[in-house]
Amino acid sequence: MSSIYQELKHECYEANMQLNALNLVIYTFGNVSAVDREKEVFAIKPSGVPYEDLKPEDIVIIDFENNIIEGEMRPSSDTKTHAYLYKNWKEIGGVAHTHATYSVAWAQAQRDIPIFGTTHADHLTADIPCAPPMRDDLIEGNYEHNTGIQIQDCFRDKGLSYEEVQMVLIGNHGPFTWGKDAAKAVYNSKVLEEVARMAFLTLQINPEALRLKDSLIKKHYERKHGKNAYYGQK
Amino acid sequence: MSSIYQELKHECYEANMQLNALNLVIYTFGNVSAVDREKEVFAIKPSGVPYEDLKPEDIVIIDFENNIIEGEMRPSSDTKTHAYLYKNWKEIGGVAHTHATYSVAWAQAQRDIPIFGTTHADHLTADIPCAPPMRDDLIEGNYEHNTGIQIQDCFRDKGLSYEEVQMVLIGNHGPFTWGKDAAKAVYNSKVLEEVARMAFLTLQINPEALRLKDSLIKKHYERKHGKNAYYGQK
Amino acid sequence: MSSIYQELKHECYEANMQLNALNLVIYTFGNVSAVDREKEVFAIKPSGVPYEDLKPEDIVIIDFENNIIEGEMRPSSDTKTHAYLYKNWKEIGGVAHTHATYSVAWAQAQRDIPIFGTTHADHLTADIPCAPPMRDDLIEGNYEHNTGIQIQDCFRDKGLSYEEVQMVLIGNHGPFTWGKDAAKAVYNSKVLEEVARMAFLTLQINPEALRLKDSLIKKHYERKHGKNAYYGQK
Amino acid sequence: MSSIYQELKHECYEANMQLNALNLVIYTFGNVSAVDREKEVFAIKPSGVPYEDLKPEDIVIIDFENNIIEGEMRPSSDTKTHAYLYKNWKEIGGVAHTHATYSVAWAQAQRDIPIFGTTHADHLTADIPCAPPMRDDLIEGNYEHNTGIQIQDCFRDKGLSYEEVQMVLIGNHGPFTWGKDAAKAVYNSKVLEEVARMAFLTLQINPEALRLKDSLIKKHYERKHGKNAYYGQK
């Protein structure tokens, strides 16, 4: 049966299947959404469905006030966090959440991931932020909505731009990532996991390892994202 | 040839093959059983048979007093532990035992796995218990039966419910897990292994890492298992 | 073309291919041999041949004095070590050598692998020995032959039986393992690698981790290898 | 359409695909080139193209002054480093660059990789050098060209021969490797990654681990690369 959201559901489905193919999740631990800015809705994985059983038509369509617009299934339990991010950060096209091992380990350690090298600087110029645990009254309240606020507050407190820094760790929980579309959000989840693993190993080898110096951060970020970028095809 | 236990054997066979597919075992290191509460028997892997050679008809049927009810092969050397758990914990439908690497490492370190994050709290609200090594006279006695007692004692001493905490580490040995059926027991073995790996990495990154706070433990456990759970499909 | 060693070559070929399938080697890092005690020869991998190119007919037949009996190719550079072990340890049917990562790490650390758990005790009752580096004059001499002596000396100094302890680490080099046939030698290489990984993680989690107590070592070894063993099929 | 560089492009394409098959890269993180010494050009991966999309005809042909000789696509952003190495080190036939995890971790830790064992000594007799970070004015200048200078300076300062030591870590960045052809450069990237992982684990097990002694370094290097080498086929 046709739906005006068919293409959006398909984008969302494909991105969710990538989480699995990239070894970023086991079982049902993770979810990706994709937004349609014109229609002001997003498509998201249904809750608790194993990736091997997931079908494009299972994807649920939600508006920014968390109303189900289309779909038979219950959406991801993290849906309100996605809605909050789409509503407040206008340039985001996709959001991903995983429990990828090294990303979760840094989140559980409640540590920002220091920028130790060019792999990191190829993607962002700041340490990867770890948002502190939420206040108890917010946890007992509208938890997933408040997770959105928690992310936004963290970016405000640290003076970060969500357009440059497309990833965050939620203390004691795990990573959220985003990007221009759902595929880019998943890409950022994979990059984060790899950078988290490299940083872990770096500190094991040299507990006194220094952050990358500013000139190298700038050089690598600019050659990929700056005005005169020369990485990739035109 | 038909057997009244055919379905039970098949459930057990499938669950054992999952151990292998999920990279929880090498060679013959592990076993899963499935119970039939009405018939008061359980089906278990034969001892020392490689997973690639295992066939559903090899599965052995055992009663709660450890008598072989059906089957040509010798059952798993850990059979008496399974029997003890089925006999004493009436709500269990399946039991799994592995030598999965990170789970074994915590068991060898004789440490409970601290609850560091929501991945853990999505499944249970307590640290994953590590039962202390058995007394020498019990080891020299009915060892596998006594391993069952050791598990039960550990839960009594720590005030844990086997219905909530569906996993345990046996000090210096490895994990046992259980659940409503054999598939759930295997699921819990995989979750335990992943949580064990995350906790190991967390302590490497931050040796002073704190346990997850109570409000977050409660929130995550309740949203998946509480009266008003909203994780998964209805 | 037929050879009286065809079966032996095939056993050797299959065991070498297992090294690769079990992720114990990259490129050409490793070799397995299989002995024929009646004919007093063994079959061994040719030197430096990638596993994907290896064919059964490439396998070289060697006698215990290191003469090539059959085969066009140069045998493994470690051939004299194999010959020494076959000549001196009469009950060995196969020998394997790898550069598997965790085994090599313990060898490079020049540390015996402590017996921390039942996974280890299911296979042997002693710490896995690490032979100290060879004297300089022996290195400059008949190096691979002397590696055989080094292994034998290590077992004599530590009072170990090669029939029970079927594995050794050569300090700064890597593991040699053996067994009743080539397949068992490879099995022991895989078990060693897994035990090495578990022991590494155990010490990371608890640097004060204790060796498994004697009663448990005995219980686990005996239930698999003792007179009244009840592990596996009769 | 035929090109006089078809064979060179194919060699380059195959070597780049190996990077991916050997798990040395994720996404577009890495590049390999192959040189034609007679024509004084090299073939290199186009920038930012995923390996699954890469085709032999996408490969770009460059001369030693960094002019594009053939090809529609923008070459790797690291092209000038490759050009510098080909121009200055006349015996090199291929160059590879990756962001392989353990190699990067050592680079981020700014540590040479100590020669701890024979796996290392089978390939080179020195610690694997880590070039210190570049001066700020050089970073802001012709960065990728200067990376070539940085590598050459490092080898001069440490008294190393590029013909023996076919690998380097760039501090805070990652590895470059080379060899007689592109396939050998990739082989060296894989060996480096494995040696980096072994050395990391060695130091975790024994922080006081000693370098391999000179007699063993010499023995292992010579038996593979010396005048009377007896490793491999003639």
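Going in written order, the chains are labelled A, B, C and D, and every chain counts its residues from 1.
To be clear about the criterion, a residue touches a chain if its C-beta (ideal position, glycine included) is under 8 Å from a C-beta of that chain, and two chains touch if they have at least 3 such contacts.
Here the structure is a predicted model, which is why all the values come from computation and not from measurement.
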Smallest number of contact steps required from chain C to reach chain D | 1
Can you grab the rotation angle between chain A and chain C? Superpose on CA, round to the nearest 5°.
-> 180
Looking at chain B with chain C, do both copies bring the same residues to the contact (over half shared) or different ones?
-> different
Farthest from chain B in C-alpha centre terms, which chain would that be?
-> D
Cα centroid separation, chain B vs chain D, in Å, comes to 46
Separation of mean Cα positions, chain B and chain A [Å, integer] = 33
Residue numbers in chain D touching 2 or more other chains?
-> 204
Does the chain-touch network form a line, ring, star, complete graph or other?
-> ring
State which pairs of chains touch, listing all of them.
-> A-B, A-D, B-C, C-D
In their shared complex, chain A is touched by residues of chain B numbered 116-119, 187, 190-191, 194, 197-199, 201-202, 204-206, 209-210, 212-213, 215-216, 219, 223-224, 230-234
Which positions of chain D touch chain A when the two form their complex?
-> 26-29, 46-49, 73-74, 77, 99, 101-102, 104-111, 133-134, 136, 139-140, 143, 172-174, 200, 203-204
